[in-house]
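Dumping the structure here so I can ask a few things about it.
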Amino acid sequence: MPDTRFIDPSIATWPGEAARLLGGRCDGCAVVTFPAPKGCPACGGGDVSQVELDPVGTVWTYTVQGFPPPAPPYLGPASPDTFRPFAVAYVDLGSVLVEGPVLGDPSSVRIDDPVRVVFPVLGQDQDGNDVVAFAFEPIEEGSHA
Amino acid sequence: MPDTRFIDPSIATWPGEAARLLGGRCDGCAVVTFPAPKGCPACGGGDVSQVELDPVGTVWTYTVQGFPPPAPPYLGPASPDTFRPFAVAYVDLGSVLVEGPVLGDPSSVRIDDPVRVVFPVLGQDQDGNDVVAFAFEPIEEGSHA
Amino acid sequence: MPESEVVIVGVGIHPFGRHEGLSGLEQGAIAAQAALADAGCAWPDIDVAYGGSVASGAADSLVSILGLTGVPFVNVANGCATGGSSLMAAFDALRSRQCDLGLVVGFDKHPRGAFNADPALLGLPDWYAEAGMMLTTQFFGMKLRRYMHDFGITEDALARVAAKAFRNGERNPNAWRRKPITEEEIRNSFVIADPLTQYMFCAPAEGAVALVVARAESAPAGSRPVTLRSAVLASRRHGTFEVFSPSLSSTRAPSPSVFAAQGALEMAGVSVSEIDVAQIQDTESGAEIMHMAETGLCADGDQEALIMSGATEVDGSLPVNTDGGCLANGEPIGASGLRQIHENVVQLRGDAGERQVPGEPRVALSHVYGAPGISACTVITA
Amino acid sequence: MPESEVVIVGVGIHPFGRHEGLSGLEQGAIAAQAALADAGCAWPDIDVAYGGSVASGAADSLVSILGLTGVPFVNVANGCATGGSSLMAAFDALRSRQCDLGLVVGFDKHPRGAFNADPALLGLPDWYAEAGMMLTTQFFGMKLRRYMHDFGITEDALARVAAKAFRNGERNPNAWRRKPITEEEIRNSFVIADPLTQYMFCAPAEGAVALVVARAESAPAGSRPVTLRSAVLASRRHGTFEVFSPSLSSTRAPSPSVFAAQGALEMAGVSVSEIDVAQIQDTESGAEIMHMAETGLCADGDQEALIMSGATEVDGSLPVNTDGGCLANGEPIGASGLRQIHENVVQLRGDAGERQVPGEPRVALSHVYGAPGISACTVITA
């Protein structure tokens, strides 16, 4: 029977209300990288500890993906009928900038917009399982994260 | 219906009793190469004329292929049951030394042995056609080529 | 303290574009023969050769077409910096070995469509491609969007850069795209990665370029040398913004282009204000704009006024990508960096015809940049 | 007239063999870190890097493990001569640019079984493979058979060469094959390509080697430098006998190894009689024998007596392949040439332990040879 699975269990604590992205912090120089690297790209050090990333941040830069990514490997809607342009952004989470899709109207995304990490269904894999990935969702002005 | 075809019509005048291998002679420096090259490997000249190679020569060096060549691409007998070690030689045809299999008992081949070019069936292609290739055959002492 | 000056004595190009029935290697041989003829020497005179292609096989296979002379021939595989790296190594060989003549060659023949990449080969996780983020075009859009925000570059400037490329291509018989396109058409073409449209992006293509280099005292009689003052390569540092990065450091570092350009100017003993003509990496319109500042040709943000006032046109005060760049020539990766140097040599010789920079340009800069974060720059002088 | 002497100040090796779960690149990083530690310097000190692999990806990807320092890193792709070509280019860079420290690295990880080749990629017709002639082993058998005929080399000598390799491998902790095999076992093993048997051939393998090179005046304090006197590359001339040749010219020319060795000796200002230890390409037993003459170490035909008298043993008058060569180490193509130089450095330092050449060797030659007819030679001195 088809199931629901996370796209890569090593990159987040999904499932759960308070799911978080997982990065790696270098024990030597404290630089944070997502996903957790084998060795630190900043200092070459080999000791990296897992760290939960802040769930809220701001858009540092963005673009709009105008055409369907090649599928496979893309698991989202990729046919001319189902594809809709979507925004992709680097989101400044304080310790690190993480790249991810931004939900909602791509034409409304702006630099410095506040966003939070969410875990929506991206699409289906070959076996018919729903595949959950991470994305960012705009935080409405006046709402409380 | 399966047919008989030559492995590459550009390299010999097969069929016929007097079939010959076809090389290329450089119009500039007269160096002969087999098969005919696009440009002369000796002088870089671009003008190369087709030339029929002498059908008899002598073994310049040889080895014995001890294991079945990977099949495909090899078209000869390649299963453990059907493979028999065979000799391969460079044969000095005067104008050029040509590499080819030597028919007969591989353990009896020696440098300077006289040989002639022949066109035996090598094996079958995917469509069941007999594929004819070239090889060299020892010339018995006392016989006339 | 250079002991020997190195000069470029011959240039050869096989036109860029699409060439049915001609392999990348064959285009490389045509370019090499043209460069040898331009230098007034022959293939057996060459003491050392460096070259490469990304998709068309080993460059040293050229010996089977050019002739088996015994020449030491080193294949270089540095992506977009293949030409620049080859030239750097040949430059060093001539100076270190006191040998006379070297050949540098780059060629390629890519299939149509975007360059595709396998995440595993690049050390990236599968989810990165599955989630729709493994597209080079997104990187270009995002690097540019931040730059426009920080330094006030407009979409008008993006369209102007592309329109200039096609106008310059029209005047370049070796270019692929030789029809002008209006800024309106460019802006209204399909949006690939906002703010970049289809006509603001270069496409994979075919082509080949070769250079004959010599120690100055060994330049063939009758050749028309220009001096290769420097060739410098730099790779990325931690904190730069590169393609295919699931995350970026919270602290930023200057691009490798900054160090390659500074190094090339310093080695050449030339100040950036002396540059008369520049060929810089324009994978898309915004790259030309950002690279103008990264190479030091102007300050961040000054591009808008320079471009809109026409300064980067062939007859402007700072001509950039006079041969139409990657936008008009397409990008055969192994050949693209050497195409820039070919154009700079043609400009310094005064041979550029309709696209000749006026006023006898004497100092030229070239700059390439590509994955995984490498840049190569050269300075040549008349 | 070398302006600056170049020295090797650090060597590092990842053992050759089979290493489940460790990529070629990771082995390369281990070798690089070992070479840096041996030199007493750190990765950020390196001013220029050259390296390559045939089957394990771009060498400059090492920066993502070693650190993003901005170093210019050039990938070289010259098959068996990848290591030698990289060393040559680094040598030239140090001398031409007056920079201090360079890294040269080679690594590879090949699948089990023979190297397979696609005829089209090599410019060969399909019939050549269909007729059963596209096997490297045939080339080795045929080149050797003619040589044995012309110069009186026996099958006893072939077996003796392989037995020596495994004996030397036994005394080399970094070798893959470390068990002696008797000459009888070697002769009686499966006949791959008469006169060559299974134990006379090397096999594809895994491993990595790195060297740190410096201008003599910049050698790190406390390092133990040996002098890199020359690094020379040569490609084939018309008339040589190379692998995958449907025909050979009726006139013969000397192998590229002859020119590479002559060039390396000449550049080093060393006569062949001064060589105390040599590492030469031994893809199979006969190659070691033929390359002894091609490199000038002896006259054609003299090998038989030298080998049978023990002259090429570790304690002989002309020690050859003291680390067990390709036969005992296997062949990770990108690393193989640098393994030879690693062994020569270890011998000149007197650090070779059980396999140490007696009498304080002072001059060492290395030689690689491979498809499509290229050879690289180096001379180092204590």
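Each chain carries a letter (A, B, C and D) given by its place in the written order, and its residues are counted from 1.
Just so it is clear, a residue touches a chain if its C-beta (ideal position, glycine included) is under 8 Å from a C-beta of that chain, and two chains touch if they have at least 3 such contacts.
Note that the structure is a prediction, hence the values are computed from the model and not measured.
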Inset, instruction - Would you kindly say which chain has the C-alpha centre located farthest from the C-alpha centre of chain C? - result: B
Legend entry - Winner on C-beta contact pairs when B-C is weighed against A-C: A-C
Inset, instruction - Please compute the C-alpha centroid of chain B, do the same for chain C, then give the distance between them in whole Å. - result: 47
Inset, instruction - Can you check how far apart chain A and chain C are, centre to centre, with Cα atoms defining each centre and the answer in Å? - result: 34
Inset, instruction - Measure off the straight-line distance from the CA centroid of chain A to the CA centroid of chain B, and report it in whole Å. - result: 62
Inset, instruction - Could you tell me which residues belong to chain A and also touch two or more other chains? - result: 41-43
Legend entry - Multi-partner residues of chain C (at least 2 other chains): 64, 67-68, 238
Legend entry - chain D-facing residues of chain A, complex: 38-39, 41-44
Legend entry - Complex contact set, residues of chain A against chain C: 7-8, 11, 23, 31-35, 41-43, 60-67, 69-70, 72-76, 85-86, 88-90, 92, 94-101, 106, 111, 122, 131, 133
Inset, instruction - Under the touch definition given earlier, write down the residues of chain C that touch chain A in their complex. - result: 116, 119, 125-127, 129-135, 137-138, 141-143, 145-146, 149, 190-196, 238-239, 245-250
Inset, instruction - Can you check the complex and tell me which residues of chain C touch chain D? - result: 1-3, 52, 57-58, 60-61, 63-64, 67-78, 85, 88-89, 91-93, 95-98, 121, 123, 232-238, 240, 256, 259, 267, 372, 374
Legend entry - Contact set on chain D toward chain A in their complex: 43, 64-68
